[in-house]
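Below are structures written as structure tokens.
Here chain A shows up in two complexes: once beside chain B, once beside chain C.
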Partner chain A sequence: MTTLNVNVHYVTRVEGHGNIVVDVKNGEVKECRFEVVEAPRFFEAFVRGRPYHDINHIVSRICGICSVGHSTASVRATEKAMGVELSEQAWLLRKLNFHGEILDSHVLHTYYLVAPDFFGVHSVIPLVETHREVVERALRIKKLARDLCAMISGRHTHPCALVVGGFTHTPTERELRQMRERLVAARADMDATVDLFASLPWPQFERETEYVSLRKEDEYAFIDGVIVTSDGFTYSVEDYKKVTNEYLVPFSTAKWTRHNRESYMVGALARFNNNYEQLHPRAKEAAAKFGMKPIVKNPFLNTAAQVVEMVHCLEDSIRIIDELLVRGVREEKPAPVTVRAGEGVGACEVPRGVLFHHYVYDERGLCVEANCIIPTNQNLANLNADIRALVPQILDRPQEEVRLLLEMLVRAYDPCISCATHFLRVEFV
Partner chain B sequence: MSLANSQIRTSDSGRRVLILGLGNPLRGDDGVGPRVVAELRRRGLPEGVEAVDGGTLGLDLLYLLEGWDQVIIVDAAILGRNPGEFLRFTPEDAHLVGSLASLSSHSAGLAETLALARALGRALPEIIIYGIQPERMDWEEGLSPAVEAALPRLVKEIRKHVMACSEEGGKPERPL
Partner chain C sequence: MSQEHVTGRKSQNGKPKVAFFDFASCEGCQLTVVDALQTHLDLLDAIEVVNWREAATLDGWDFDIAFVEGSITRPHDEERLRRIREQAKVLVALGACADTGCVNTLKNLLPPEEVRRYVYGDRAEWYETYAARPLSAVVKVDAVVPGCPIDIEEFVEVVKALLVGKRPPIPDYPVCVECKMKGNVCIFHVGGICMGPVTRAGCGAICPTYGDGCEGCRGLIPHPNENAMKDVLDEAGLSVDDIMHYFTMFNAYREVGTGKWE
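Let's turn to the complex of A and B:
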């Protein structure tokens, strides 16, 4: 009878610290879970007592990867609380900025964090020797995405020009035209990306679950919209707690969520499954190369859905720039804010799934209450359910293979457990 | 605000120097790099020298290193010293302990970025690192008293260093 003991103390190539624990004795699964061991971070407490115009800059530091996403959800919550209306130009720039970050984060996850598993190396650095062109391509797309973000919000990580009411800086038409040329030229890299990832041997595993995402009538939703689930539920974003229903489990410092079933999934695959029809035709062509059509039930293909979204974001960025150029870009200041007491919920589809920021302000514009629910938390119960379903199917494989598959499953969710610190560890020689 | 190379001003000596503060201001002493950048900007820098808050960029540091003659990195560093003590060194002087075997995007930092740049054969600028021994890096704002107390001396020394570079137009004196 099979006996397995997999104990991955900190899964690598994920953001932050999480463990995989699997204990199988004589073919019977005793323990099987993904633990989050990070200390809670209390960002909600950080922003309490702060003025409305500081909040987005503080929360952008929640994440060094999706800081545009946190900033956007944050300003949307504040804009709703204070009744601020954005100009059409500001909306287009918000969407363009968001596409830049989705592109940036998805390149990072697909190329730097997932691809090494398929090439049998531990990180992207040894890949340079064997697949130099792959690494160079990843760096090229990533630089393009970073430059796109920097053009709009001043710098990529922790955007400074993205504020309540719009932007403090407007890109010039010349900058937009140059960016458009670069985006068009990047189609070749995107095609190569689709071909590369579509050729990889994705693990075969399926499990039914509920997929939760935002949805908009007229576009593939990233900012605002309503919450929909593949089980047929629809909620306004203000009712997000009816979906998230947070609860605690003993072995995780992160909260779990559930809705209609024991768990639900958010992220690129959820968006793909719920909003496939609104993807750009080229993104649908990319999906066809992976053999993907909704409903895709293989969580490993979340990474493939990210590749599909990369194509969508590139194409939609070109479309948005065209729209901006046709309209004519004008220097604009952020919409004025009339400070008032109020409450608002901002919801965005950040790279890893739907993100909620909920603030309550007093009449001085100081934040008195805040709640942030990040996608990774919403995925934890689902990831655990996947692990429990996958382990019995692969018990007959060597322990190392079980370990690798479970690590790959965790990575497929692109979990963002925390933003680790960044200090140097130095030994003098 | 973009860091496109065309926008970088050139100093009188022709040397372009970037001071890059790394870290997260919401993690206690990890925020010393961005804090030093803010202080340097407040006091003003010579022509051709720019100070940038690099936050927690990971491997994207690679792009920031491009196009400069010298990059001065300011970062919290585990030096085995007392909190607030700082050292100036080059990557060659020190063994920067990275996690190449388990690269994650967040914990990827300077050591990994330099390793990637070398693997790709990219030309790198001269790099000087100011490492400051932190006391605590919990989720909190502001620096510990020990690091806060060391700040004026650190800022003064970095300013002296870039002023000397700018005036002499040559290489700074040998790092510690």
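Let's turn to the complex of A and C:
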């Protein structure tokens, strides 16, 4: 009978600290879980008492990968609380900045964190010698994404100019035209990316679950919208707690969530499954190369869904720039804020799934309550359910292979454990 | 620090061995290192990376230079940091969390029990935590790369300096100098608030250049004229509370240390 003992202390090539524990004796699974052991940072507690215009700059520091996402969710919560309306130009720039981050994060995850598993190497570094053209392509896309973000808000990690009411900086038409040329030229790199990842031997594993994402009527949703689930539920973002239902488990410094089933999944695969029809035609062509059509139930293909979204974001960025250029770009200041007491929820589809920021402000514009629900937290229960379902199917394989497959499963979720331990809160009093 | 000091334990290929570690942080500074490779891929010709959990399945503990991101927030973090210190010939604080404590230390301003209860409710005792602090509160730090996040070019300059055994050149003048050199209109002249006059330069005044005032993420310059800065903020119409918000946003540890937590 099989006896397995896998104990991965600090899974590598993920953002933050997590462990995998699997203990099988005589064919019986005794223990099987993914633990989060990252140090808690208490952002929700310490933003209280601070002025509304500082909050987005502070919470951006939750995560270096999705700081545009945290900033955007944060300013949307504050804008709703204070009744601030954005200009059309600011909306287009918000979306363009967001696409830059999705592109940046997805290229990091697909090429730097996931691809080494398929090449049988410890990181992207040995690929510099053996597959230089692949690494250089990844670096080109990453630089493009980073430059796109920097053009709008100063830099990708912890954007300077993204503030309540819009932006403190406006890119010039010349910069936008140059960026458009680079995006168009990057189509060749994107085609090569799709071909590369579509050719990889993705592990075969399926499990039914509920997929949760935002949805908008007129576009593939990244900022605002309503919450939808593949089990047929719809909620306003203000009702996010009806979906998330957070609870604590002893071996994790991150909270877990559940909705209609024991767990649900958020992220690129959830967005793909729920909003496939709104993807750009070129993104749908990319999905066809992976043989993907909703509903895809293989969590390993979350990485493939990210590749599909990279194509979508590249194409939609070109469209947004065209719209900006046709309208004509004006130098704008952020919309004025009339400070008032209020409450607001900001919701965004950040690279790893739906993110909620919820604040209450007093009449001086000081934050008095804060709550944030992070995609990785929402995925933890689902990831653990996948591990429990996968382990019995692969028990007969060598221990090293089991270990690698479980690490690949964890990586497929693209967990951002730093995020997950930073914003955890029980209830508003 | 002599050249021999840095490069004494060369790997077989003659390159100094480099390791990356992290504690409580957003890991954005390590990501900025990844981004630095976009334009400086040749850095990998000059060093050998032996440990970098975020980017590689490598766990080498034989290294010369350790880059450490993050603040120390738990008693048991100290043990791991001391182990890194014992091994490293040169220990570099990578980014504001490691260098100054960054926003992690904002919690030090608030009562510890209340902070833990607010986030974890009646399960607060499940989670070990103490006052957040920079690396230098626990071990000797040989060099720093300031900022939240670090600046790519400055990081590359620090690496180059370490490789030839020089002390990295970190500016000790304020952001205003770089802002003036860029020809920016002063943020105070357009009705904004800016910590540039007392904040360490080296970022190219990126926030004022993009229209937003400096928030002090790189830490203060040596011997800042804090009273003059407070007068400037007072003249700009800020209340005493608001002035403290600006002085503590990224520099709470400098203001209060471990604060209410000890």
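By definition in this document, the second predicted complex is superposed on the first by the 418 of 429 C-alpha atoms of A that agree within 3 Å, B and C clash if a C-alpha of one lies under 4 Å from a C-alpha of the other, contacts with A are read in each partner's own complex, and residues count from 1 in each chain.
Operating definition for what follows: contacts are C-beta pairs under 8 Å (C-beta built on N, C-alpha and C of every residue); 3 or more make two chains touch, one makes a residue touch a chain.
Predicted, not measured: the structure shown is a model, and the values here were computed from it.
Student: Putting chain B and chain C onto chain A via the overlay, clash or fit?
Tutor: Overlaying the two structures gives a clash between chain B and chain C.
Student: Answer with first, second, both or neither: which of chain B and chain C does A:K143 touch in the superposed model?
Tutor: A:K143 contacts both chain B and chain C.
Student: Between chain B (first) and chain C (second), which, if any, makes contact with A:P51: first, second, both or neither?
Tutor: Second partner only.
Student: After superposition on the shared chain, which partner residues are touched by A:H169: those of chain B (first), chain C (second), both, or neither?
Tutor: A:H169 sits against chain B and chain C alike.
Student: Given the touch rule stated above, what does A:A288 touch, chain B (first), chain C (second), both, or neither?
Tutor: In the superposed model, A:A288 contacts neither chain B nor chain C.
Student: Give one of first, second, both or neither to describe whether A:L248 is in contact with chain B, with chain C, with both, or with none.
Tutor: second
Student: I'd like to know which partner A:L325 touches here: chain B for first, chain C for second, both or neither.
Tutor: neither
Student: Who does A:V184 touch here: chain B (first), chain C (second), both, or neither?
Tutor: After superposition on chain A, A:V184 lies in contact with neither partner.
Student: Which of the two partners, first being chain B and second being chain C, lies in contact with A:M151: first, second, both, or neither?
Tutor: Touch partner of A:M151: chain B, not chain C.
Student: Please work out whether A:S123 is in contact with chain B alone, chain C alone, both, or neither, and reply first, second, both or neither.
Tutor: both
Student: Once the two structures are fitted together, what part of chain A is touched by chain B and by chain C alike?
Tutor: On chain A, the residues that contact chain B in one structure and chain C in the other are 10, 12-16, 39, 41-42, 46, 58, 61, 64-65, 67, 108, 112-113, 122-125, 128, 139, 142-143, 146, 154-158, 160-161, 169, 418, 424-427.
Student: Given the complex with chain C, which residues does chain A contribute to the contact?
Tutor: Per the stated touch rule, the residues are 10, 12-17, 38-48, 50-51, 54, 57-58, 61-65, 67, 108, 112-113, 116, 122-125, 128, 139, 142-143, 146, 153-158, 160-161, 163, 167-169, 248, 250, 253, 418, 424-427.
Student: Which chain C residues qualify as touching chain A in the complex?
Tutor: Residues 23-32, 34-35, 37-39, 41, 44, 49, 52-59, 73-74, 77, 102-104, 106-107, 109-110, 114-116, 118-121, 123, 126-127, 129, 132, 148-149, 206-207, 209-212, 215, 217, 242, 245, 249.
Student: Any idea which chain B residues touch chain A in the complex?
Tutor: Checking each residue of chain B against chain A gives 1-4, 22-27, 30, 53-60, 62-63, 75-79, 89, 93-97, 99-107, 109-112, 115-116, 119-120, 129, 131, 134, 137, 139, 141.
Student: Write out the stretch or stretches of chain A touching chain B in their complex.
Tutor: Per the stated touch rule, the residues are 10, 12-16, 39, 41-42, 46, 58, 61, 64-65, 67, 108-109, 112-113, 122-126, 128-129, 132, 135-136, 139, 142-143, 146-147, 150-151, 154-158, 160-161, 169, 418-429.
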